[in-house]
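Shared between the two complexes below is chain A, which has chain B as its partner in the first and chain C in the second.
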Partner chain A sequence: MDNQDTNDLLLDTPKEVKSDSKANIIEKFVTSKESPFYTDALNESNINNIITNEKPELIVLFGLNDLGKTTFVGSLYHLLRVNGEMDNYNFINSDTFAGFERRIFLRKCSIDGRTNTNRTLRSENPFLTLHMAHKTTLEKRLIVLSDRAGERYRDYISKDEELLKDKTIKYADRILLFVNAEKLIGRSYSNMKDELRTLLRRLKEKDMLPILAAKYIIFNKYDKVVDVENQQFKEHKQEIVDLFEEMFEEKGISQHCINSKNLSDNTELEELFSILIQPLNKKRVDTSLDWVKTAIKKNKA
Partner chain B sequence: METILGEMLDSVLVIPFQKDLTSRIASISESYAEVIDRDGVEDCVLSFLCGETNTNLRSYIIEQYLEQFSEDIKLPPIVYQILSQYVVYILINDEQYDDTDRMIYSLIVRNTMVICKNSFNKLLASKFLPLLYPFSDLCRETRNRIQQCSEKQLTPYIFEHDSFEEMGVTIDEDHFDEVKQLAQQAAKLEYQELIANIQNKGIEDPFVLAYYASHILVNTPGWKYVDPNPVKTIMNILPTGRKKMKVKNIRSKLRDSEWYSGYGASSKSSLLIKFIEGANITDEIGELQLSDLEFAIFMYYEFYLEELIID
Partner chain C sequence: MGNTKKCLIVGLPSAGKSTYIGAFWAIEKDGGTNHKLTCKEYPSDTTYLDALKKSWLEQTIVDRTLNIEPQEIRLKLHSESTGNTLELHIPDFKGEIFQRILSNNITENVTHWCNEADCILYFIKYANEDILQDEIPQPTTTIELGQREPTAMQVTDISEWTQNVMLLKYLHTQIDSNIPLAICISAWDKVNTELSIESWIKSKHPFLYNFIQQHFSNVRYYGISAQGFEYKDDMFEKYQKLTELKQRAYVYTDKISHDITEPFEFLINQ
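Take a look at the complex of A and B:
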């Protein structure tokens, strides 16, 4: 761990794991509210403890359930762990290895078609961290991913108290807006769009949308779309883009059509990961910080 | 002020603190501002500009939090840096504090900024830093403003007599503004002569000249009453073509020069003076590249702060 007391990261007192059949142990790990691991995902009360000397970048994965957010995170972690690097950055550490491993497991369940366990649980801690270091400058960069259960977002549609508790969306530096591409066509589309509109409108009404964040519309499960040239599919896809752009009051939000499960030769997914690993535009330096230069300029004038 | 702390904290936290926590630590930080001296302020500045651990502030917050709210508090180290900045922000911007102290604290911030010259993009809550700068200049400009006095009761006659008795004038409060103006104008004239003297010394190296000039300007009696704009004065003294050099090379040059005289700095923020004197401070400062004019301005304000502290 970098510059921190690992005890700070203890979420809950680890509980003794009772002897159980092998088959049940894995399921219990997945469904257990309390983690036996000290590097599990973090929550609102301890996420700030990881900060060392710079504000980390917060990337929020936004969307209702069953959109592949957790699989997306699991795939990113898998690639980083296997390759140890991405673009110009080396993956050097995480405060939440167990949190990632749990998601990798869920990703595997998803790939295997074990649908009973392929969800991030409502009560599960959402924050995962990636410590990266630039290969040449060695400059460090800390990324915090917020992978909250889709059910929680569903709660926001109807429950004010749940919505107002969320302190993550508003403070996102980047927000990944997940959409299930498969559902852009078919009977469930209209319902999906209505839910999404209601959710976004409620967040907007409460001034909880991160207007200044970098935004990415992610059409996930794109491989399952039978005909991407279908006119209705195209129209619905555009309607979703329009909806996001209307709510965020921003035109030209970038769109990414991906399949977050498949990792072999998945150029679209890897390109998106590369974008996310790179820092957002460097912080602009306020020239007035250099008071000597300011004084010289003033007197020259 | 509490809102300011909230904004400062938001610039470093992943997600903001609860309002009541911000409010509590703001209140304890404000009480810390009331009890610290210059040394404590310097520790705060070194904490938020250089990332040094401010153990005194940390202990104070932990103790007070427990005492006032009967709870332990554990904050990330970066939050203590922000609280250090908040304390200094209060001390400079809150009118309840003494003007000279506020001026000194503002100079401590400005002088310490030299170490951040190549890393402004790494400063925490940087949008609040320029708000800590102006007080020293504003205060100085106010104090150095030449008295405006249109009613001349003494000046027209003083040259024709040898005493006030002979003039038939009794000096009283009515004459104060006119006398002050005369004193200021006389000091200004002496100051201009001093500047001319510096220029006539024949010091060829611009960095040696920068050091010598800034030292003399600050150390000459009357200086602080007549020069509201020392940057302009320094610009007039130095040659117009700018040269750049690493501070470690400037140090070697100075120490070989006959115009260099040592100076025992007492403020932790007088980083250049201390480095030139050979104090064991960060090597980073030696690698800084400064123009002769930048060097002169930094030196001037370091000497200026040292003189204010002595006063």
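Take a look at the complex of A and C:
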């Protein structure tokens, strides 16, 4: 290296990478200009560029705004980055570190008062990935989380056009159905239930409900419920369960009462995370529903 | 040149790269230490090395505002174990340049050096455990609505351990994963453990450890205290004696060694 080159080291001028020495598609999209950070969250197009030998497992976080979906994701990621493992699986990589960190950042903002919202922004890319490896068998798993802004789901309530753009719900391997437990009592309950019914019905009419997916009803913010033994609370909670089971035509959907914000000795939350990290027991009946490949086909079409 | 190796020193701002280089030059430049590597002859221009050495000998933090610009260092080193002499080329990039990679601002020279590197010396500053903001007691005063800041995340909002994993992920895409990688946890004097360095990283920062083990095949871990301790005025004379005895800076694997050439020796003898 001559002196000119040495001086160039000091210039510090940001330039785009021109090297194609390693043809890694993921790296191309995670460093693209549309992503402000390296390894930011992914969108519907670039999620399909993930290269893996395993079929990715898609977990959709479903629900309107202010239900704690982002906090839930932030808590899962935080436990993985601190412990490095969960339930016999080591956390070994992610394509979306910055995307996860952004969710933790939004969570921090809500606490220190820097912003009046801790919600995922409408424009945020929704997809996050976790690469896990079994401690003894070394079996590798790719988990894709869809953490879409609640406002998007709100759009689906009234607009078919927006609803039909969503390519992920139908192909979910697992769907987490978020409910704000705090609102099961009070003035806003009726509208909450009605909005949920409308959203589910619209999805069902368009054949977009993931009937074969594993389903989990998540009663979040359970710590804020004043009296869980209150008769009306119990009735409303059951009405919501009945609504989900009616729409999905399935009885006995598992229920989880959690507080996704608390990470100290939170057994219920950790048990749910453990369930999600474990592979699904049953194989999907319809093998054509390999979500990534299906999405690629649709994009090509 | 068969006897030339290119070593990329990587680390985020304040990771301890410059302090290590200053200590290395101060201790090893005149030989006579019986360390694994010794400097064979002076480089033609040592202005930058001398500035770093001065700070280290005077027990002062390298002043980042001083006009001491990082530059490529060429050291001719002699290996006591192999008898070989080789020239080590080290571009001392600023930590900010590496941090900008995380914001997708990638300097062409970094990419070039990544592709050219024969080995990597990676510095991580020892920091406290990774905790969430809501686990810290919050001040009781709340920020008024008008004082609220926009919610744009800055790179410094990302946990420093995650920043390091992101940077290692980037390096993995640019280099051959078989090249030797020395992971150095700096400010090791602040760590109190009886574990070996590798066991310590595995138990305290398991995700970082998982990531490295999955993506790099030729890795060795070191704790490094180039300063030796926190600088204090009332301890200056005591520390100066240790400096003269060359027993201030040390590396740690499973025990303390004052031969701070060990990471380089691993890197260049692979």
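Assume the second predicted complex is superposed on the first by the 238 of 301 C-alpha atoms of A that agree within 3 Å, B and C clash if a C-alpha of one lies under 4 Å from a C-alpha of the other, contacts with A are read in each partner's own complex, and residues count from 1 in each chain.
Quick note on the criterion: contacts are C-beta pairs under 8 Å (C-beta built on N, C-alpha and C of every residue); 3 or more make two chains touch, one makes a residue touch a chain.
The structure displayed is predicted, hence computed values, not measured ones.
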Contacts of A:39 with chain B and chain C, given as first, second, both or neither: second
Contacts of A:58 with chain B and chain C, given as first, second, both or neither: first
Touching partner for A:171 - first (chain B), second (chain C), both, neither: first
Most chain A residues touched (candidates chain B, chain C): C
Partner chain(s) touched by A:209 [first = chain B, second = chain C, both, neither]: neither
First (chain B), second (chain C), both or neither touched by A:48: first
Chain B versus chain C as contact partner of A:144, first or second or both or neither: first
Contacts of A:83 with chain B and chain C, given as first, second, both or neither: second
Touching partner for A:184 - first (chain B), second (chain C), both, neither: neither
Residues of chain A that lie at the interface with chain B and also at the interface with chain C: 8
Sites on chain C touched by chain A in the complex: 69-72, 89, 91, 93-94, 96-97, 100-109, 111, 115, 129-130, 132-135, 138, 142-143, 145, 148-151, 153, 155, 157-159, 161-162, 165-166, 169-170, 173-174, 205-211, 214-215
Chain C-touching residues of chain A, taken from the complex the two chains share: 1, 5-6, 8-10, 12-19, 21-22, 24, 27, 31-33, 35-39, 74, 78, 80-85, 90-93, 97-98, 101-102, 104-109, 111-117, 133, 261, 263-264
Touch list for chain B against partner chain A, complex: 10-17, 51, 74, 76-79, 110, 113, 116-117, 120-123, 126-127, 129-130, 133, 229, 231-232, 235, 293-294, 297-298
Parts of chain A lying in touch with chain B, wherever the complex brings them together: 8, 44, 47-56, 58, 127, 144, 167-168, 171, 282-283, 285-286, 288-293, 295-296, 298-300
